[in-house]
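Alright, structures below, take your time with them.
In what comes next, chain A is part of two complexes: it sits with chain B in the first one and with chain C in the second one.
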Partner chain A sequence: MFSIELVVLSTLLAGVLAYIVSIKLPKLGSYLTILASLAVFSVLAYFGFNNNLDAEVNLIPQFVLFKTSMFGLYFAIIVSFIFFMVSFFNPYFIKDYKYPAAYNLFYLMALAGTIGVFFASNFITLFIFFEIVVWTSMFLIPLGKKRKPTVTYFVFSTVGSFAMLYAVMFTFSITGSFDLAAISVLSGKSALLVYILLAVAGFAKLGAYPFYVWLPKVLGKSPDPVSAVFSGGIEKLGAFIAFMAILRISPASIYLEAVGMYLQNYVIAIFGAITIVVGTLQAIRQDDAKKLLAYSSASNGGYILVAIAMSSSISLTGAMYHILAHALASTAAFLAIAVVHYRTKTTKISELGGMIHHMPLTYMVYLMAIISMAGIPPMGGFISKWLIFQAVINKQMIIVAVATFFGSIGSFLYVFRPLAALFLGQKLPKYKGVKEAPFLMMIPLIILTLGSFYIGVIPNQVIDFSNKVIAEFGFGPLLMNEFGIQGANGTLSAPIIASVFGLGVVVIAIIFFILPKSRKVGLMDTYTSGEFIYTEELLHYSADFYAPFERLYPAKPLISKVYAMIKEKVNELGRFFKYWFFTNKPEVTVLWIVLILTLLVWGDIL
Partner chain B sequence: MNPVLLIAIPLLFAFLSIMNKKFARPLLLVALLLDVYLVFTISKGLYSIGGFSQYGINLLVDQYSLIGLMVVNVVFFLTVVTNCKEVKRLSTVLLVALAGVNGLLLTNDLFNLFVFLEIVGISAYLITSGNKRPLATFNYLVQGTVGSGLYLLGLILLYSMTGTLNMALILPTIVDKAIPLSNLALPFMLMFIGLGVEAKLLPFNSWVKGVLQNANALTSVLIAGVFATTIALTFGRLLSTVFVLGSISNIVLVILAVTMLAGEVAAFASKRIREVLLFSAIAQSGLIILLFANGLVIPAIMLIIANIVSKYILFTITGKMVDGTKTDEIESLQGVFSKNKLVGFAFTVASLSVIGLPLFFGFIVKLNILTSLFSQYQLFLSALILVVSLIEGTYFVKLLIKLWYSVGEVKTFKVDALVKVVTLIFALGLIVFGVYTKPLTDSLMTVPEEMMEAIAERGNF
Partner chain C sequence: MSVILMSMLIGLGVALFGFTLQTTIGGINRKVVGRMQKRYGPKWYQEFLDIFKALSKRAISHGWIYDFGVIMAVGGITATAMFMPITDSLVAFAGYDNFFIFVYLLAVGMLGMAMSASGSGNPLASIGVMRALTQMLAYEVPFMVVVITIIKVSGTSSLTGIMEFQQANGWFALSLPIGFGVAFLSLLGMLGKKPFETYIAPSEIASGPMVEYGGKQLGLLFVMHEIATFIEVSLFVHLFLGGASNIIEFLAKYFIVYTVANLISNLNGRFKIDQVVVFFYKWPLALAVLQAIWVLWR
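Moving on to the complex of A and B:
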């Protein structure tokens, strides 16, 4: 037996220890984060899989209560794994941070917070740990070069967590209980309110439309390991909340015969679809590899929402699977870009090129990651997308189906851009001596890729697990035999597909080796009609990569204008109050007093 | 021991200090130490001055005033200790202020309350005159005088209706004589406005900006911390045991809600650190009075304690910072904490606590406030509180990030070890109480009952 409380507390303590150590030896402190997150992951995985986690709370005072559930365990294992994987990058990046000790502390505190969220048994516990994650992870962001995203992140996260707090308190005022199960008791309009508020919380954290604007800002500008942790780990808190809200609450609503689902679920699915489309379109336009991946994270969040909203065994398995597959793939992709950033000091695609010559392994990792993200076999992303497509088609939701397919095809476009222009293509002379990733960085890259590959070929264990999870929500298991997953209209045999793919790779390899070798030329050997080129960067083929798309729609999400406007309005209101009420003239105050008294006397006494 | 000593000693020392200026500061320190000692040793009860139990002035020591006295005296003491240099000229004034503050917290008589209000007011005007902004001080003087005048007017009206000034007797008399609520609206409103001026409620608080935006560490902590707490507690006692809001409750609630909103958005729109903090203080006091007006005494006291501690940290550090760097533009203060990490830590903890993030005391307070509001089913008010606290969080986070991370040259400032130690201890206190609140909540548990008991007992005379 191992108690969850102990895991959370010892992670916090490890954070404090890492802080103290890092004051003098920041690098040693960052090695501690590796050890601590390894310990958390292995304890959770080992004791969790053996059903041996103890939920009792003895040391933490007040209303903090834990419970074990397959649902929480699934998330906790994934997220702690991501924290563990990313921590390998900490020693290399720690010297660039302004406050390295604080980084190590907040990294582990955020980990402890996420574990607390996933094992919370009542809403107060959930909220406390949710907020701990918010503020600790918030302080990770400005350690990079940019400060502004911190505030953006705080605002959007807090909108989410306050929506949740309101929902929690509202539920409490009606049912008198903070228990997680209390929301299922609600009915009618109050259930609808709680449903909407919790959905907002989930949306905000997951970065779904209309809250997705924080993702590119935060993930694009944070230190690289932090971006990876956000995308693979912390964002998943939103999915966790969305799961609870959508599956546990049944508000009074209209049943849509045509698609066989309730209106509120349909609305969520539509929002998910919008997220997919908008995220994909924006990702295609990005020149910054990290921003591109950030938008892709948003659009993948959309898939998860669509899948949850459809609430069937297939779709929920798809959602669970997608959470895992996306966590692995997007972390791998972010870390691969982190390697490039670490070695070249830039993440702008147009400033890079030909990195494959220097870092073939990183290239392979990135390639496999994007294959998974685009949903191509034999990677994990394929299976999850297959399940989601099955569910969408089965429900005959045409609009949503179009969006999901659009997103899938669009993802080819955007993941191809860094691949073609950053890793392949012409190598710029200034990156001549660039080296491959250091050994410690390679470990997580390889493990993540292999993991992604494994769940793409042999899905049985994951589906077994997710069957147990969805059983907790009252859904039947997804049927499965030794090699195949039973979908709504057909069986998917992942190993066979993978072997066909393997065969294809072998055939291509044979052809590649038989055919004569191509002639190598200098990579900057560009010429144009005998003219001398002064600005060869502009002729670099990654410049203006998707120029046709760039003419079609603006680079900034339209919704960010709305947010800018809200901010301006608050500012205006502030200036209004300052102008009318905080003058240096006492007579104005006296005037207000007289007005109020007049109002009172007029209304009540005369 | 008789609680009147809490008022008498500082007053006596104030007279003594006039005779010999040299001893003024030591006298102040001795008086403060004695008061702190007394606060922790006096026992609860009702003390009649001169033995005229029903007709004379009473001092009431219950859990409520005891908590107030402890907090205020300790913070007063620490403020004086950490700002020794600035105190010199003001020693006598501060002694008078101390007497006034303790009097406000102890008194159980409405007219006596007016006297102490004036004493505190006059000492506050004198203290703010140290800012060298005569116009702002004059503004404060005019408004404060108008305010206490209105309070007095309301008091007279109330006295003519009830025939008593004893705070514990007002409510029973109103019930006895069956005075209609509409008659009570005007006196209570006048008294509300009168106290509202000192409590920084919105349309009556334009003095705050001029006074606090130029204040040094001493003045700002005294005005925004010590005096604000005292006034809030006094106001709270009146709202919970004397006032019958009845028909004016709507107007009062609107004033309070708007104060809260206006304070936060004005702080959001401000570019100077002291301005941000002073508007935030206005919003906080709006919230505190709002809680009292809704009968939520326990969350209000918790908020008051959280508020005075965090205000002490924020205003002290800001004062020292502005002194050292000669600027209070946030833009030009960027990165100051990178050279003063300990101070920065305390400041950060205080602001995170004000925002109400978990692991800090402010979070417990926020949770308590919301739980109580929701148990009254106050859906709109709680939504408003969440919205304004989002705005509050935004500008505090913005401020923190700017103060920790620099762009270009970083200004430096020096802080004495004593200030560092005190702010750090307070910051650690915020963390400790944020994790373990049982002793505090236990001691607050009995406050509302005791307050009501006092009325019930006196009503039976």
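Moving on to the complex of A and C:
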């Protein structure tokens, strides 16, 4: 037996320890984060899989209550694993931070906070830990030396937090209970209100439309490990909240015959669809590899929302699978870009080129990650997308289907962009002597890639687990047989696909190597239509990669105009208050003095 | 286990059959086009000669990714072809010929080729890849909408299942005529036939992705192209023309579809890439969605 409270508390303690150690020895402190997150992950995984996690021990005062559930465990294992994987990068980035000790502390506190959220049994606990995550992660962002994204993150997190707080208090005022199960008791309009509020909280955290704008700003500008942790881990809190809101609350509303679901779920699915399309279109446009991946995170969050909204065994399994597959793939992609950033000091695609010749392993990791993100076999993303498509077709949601297909094909476009221009293309002379990732960085890269591959070939364990999770929500299990997953209109056999693909590659490789050997030539030795070109830069096509396509839609997402307007209004209000109350202009001060004196002297008459 | 081994052998046979079939029909079509243009045209086996000549030549390589991409491309496409049913009873992996496998496994091959082409360091190749991906985004979405209509109506995404459904209830070409038209346009896009051959555009970007290749790499990519064409045309035959109950029927339907596509190709000019996107997202997509709503939500 192992108590959850002990896990959370010892993670917090480890954070404090790491803080103290890193005041003098920042690097040692960052190694501590590796050990601590390893400990958290292994404890959760080991005791969780054996059903031995204990929620009864009360070390913290009574209002913080935990419970064990398969649902929470699934998320906790994934997120702690992501924290563990990313922590290998901390030692290399720690020296760039202004406050390395604080980084180590907040990193572990954020981990403790996420675990607290996933195992919370009442809303007070949930909210406390949710806020711990928000605040600690907020201080992680500016260590990338940019203040502005922090503000953006804070604003959007506040929207989510307030929505959640309001929902919690409202539920309490009606049911008199803070228990998580209380929301299922709600009915009628109050249920609808809580549903919307919790959905807003989930959307804000997951970065779904219309709140997705914080993702590229924050993930693009934070330190690289923080971006990876956000994309693979912290963002998943939003999915967790959305799961709870959509599946536990059932407000009475209109049932849509055509798609076989309730109106509010359909609206969520439509929002998910918009997220997919907008995220994809913006990702295609980005020149910064991290921003590109951030938009892709948003778009994948859209898939998760669509899947949750459909609320069937297949779709929920798809959502659970997608959370795992995306966490692994997106973290691997972010970390691969982090390696490039670490070695070259830039993430701008148009400035890079030919990295494959310097770091082949990182390239392979990125390649496998994008294969999974684009939903191509034999990686994990294929299975989750297949499940989600099955559900979309089964529910015959045509409009949403258009968006999901668009996002799926569109993802080929944007994930290929860094591949073609950053890793491939001409070997630019200015990056001569750039080396492969250091050994410690390679460990998580390889593990994540193998994990992605494993769940893409043998889905049985994950599906077994997620069957237990969806059983907690009252859905029947997804059927499996030895080779395949039984979908709504067909069977998918991941092992067969993988082995056939392997066979195809082996056969062709044999043919390839039997045929006459090729002569190696340089990259500049290419066909140039008779032009004489001597510099690599001139033969490297990387800026404005999809220019003809990009011309077809507006550069800035339309919603950013709305946000700009809101920002302007808030600024105006701030200026108003600043002018009248916080000014150093004598005339205003005199006016206030006169007014107050008037009130004091003749107040009773007035 | 022996069942799977047997299936794999049959699958390799299917892939080889597809290659032979498409190369032959491609050769015949060169003759057909030749006659149309009042030429005599090459021999029907000219394409085989081209491929085997390329395979036997010694060529250049631009580094490991250039070679690895080619292997991944041809391997991926071969694997995809192995799942393809030829008639309703001749299928290597019965029960696993899911439509989505073709769409996504095909993408592995495409990704391999794109990777290899970009790895050659030639900007023309990268431009070609960019266009190919953009075009894929254009034609794939209307096509998928039509296909989900078919899957929902027939209740299965297995190609043999869809075939059997059509043999009992009539071809989808007749019951979903709008979708048939849309899918045919998408097929032209998939095959890279004019007016959608923007990503090859020999006179403009020197054959796009293929610009750097020669020797065995080029030969293998020819093989890949033939097998990919086989997959795309067979998909169309199975989805809309009721598949086939014997091999003669399949050959006839296949020949007609490919020849019609090829003839249309020879009567057209070339779109610019943004025109391709606008074209597909205007009428084909709208019609496909309308038809889906009409058929499914009624």
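Throughout what follows, the second predicted complex is superposed on the first by the 541 of 606 C-alpha atoms of A that agree within 3 Å, B and C clash if a C-alpha of one lies under 4 Å from a C-alpha of the other, contacts with A are read in each partner's own complex, and residues count from 1 in each chain.
In the analysis below, a contact is a pair of C-beta atoms (placed from the backbone, for glycine too) under 8 Å apart; a residue touches a chain by one contact, two chains touch by 3 or more.
Note that the structure is a prediction, hence the values are computed from the model and not measured.
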item: Partner chain in contact with A:Lys95 - chain B first, chain C second, else both or neither; value: neither
item: Touched partner set for A:Trp386, first chain B, second chain C, both or neither; value: second
item: First (chain B), second (chain C), both or neither touched by A:Ile399; value: second
item: A:Arg575 touches, of chain B and chain C: first, second, both or neither?; value: first
item: Chain B versus chain C, judged by how many residues of chain A each one touches; value: C
item: Touching partner for A:Pro516 - first (chain B), second (chain C), both, neither; value: second
item: Touching partner for A:Pro377 - first (chain B), second (chain C), both, neither; value: second
item: First (chain B), second (chain C), both or neither touched by A:Val500; value: second
item: Overlapping contact positions on chain A, where the chain C interface meets the chain B interface; value: none
item: In the complex with chain B, residue positions of chain A that touch it; value: 61-62, 98-99, 124, 127-129, 131-132, 134-135, 138, 142, 147, 150-151, 154-155, 158-159, 162, 165-166, 169-170, 172-173, 570-575, 577-578, 581-586, 588-590, 592-593, 595-597, 599-601, 604-605
item: Chain A residues touching chain C - in the complex, by the definition given at the top; value: 258-259, 354, 356-357, 360, 363, 367, 371, 374-377, 382, 385-386, 389-390, 392-394, 396, 398-399, 401-402, 405-406, 409-410, 412-413, 416, 419-421, 424-427, 484, 487, 489-493, 496-497, 499-501, 503-509, 511-512, 515-529, 539-541, 545-546, 548-549, 551-552
item: Chain A-touching residues of chain C, taken from the complex the two chains share; value: 4, 8, 11-12, 15, 55-65, 67, 70-72, 74-79, 82-83, 93, 95-96, 98-101, 104-105, 107-108, 110-111, 114-115, 118-124, 126-127, 129-131, 133-134, 136-137, 140-141, 144-145, 148, 151-152, 155-158, 161, 206, 211-212, 215-217, 219-220, 272-274, 277-278, 285, 289, 292-293, 296-297
item: Footprint of chain A on chain B - complex, ascending; value: 135-136, 138-139, 142-143, 146, 150, 182, 185-186, 189-190, 193, 197, 202-210, 247-248, 251, 255, 262, 265-270, 338, 352, 357-359, 363, 367, 370-371, 373-375, 377, 379, 382-383, 386, 389-391, 393-394, 397-398, 401-402, 404-405, 435-438
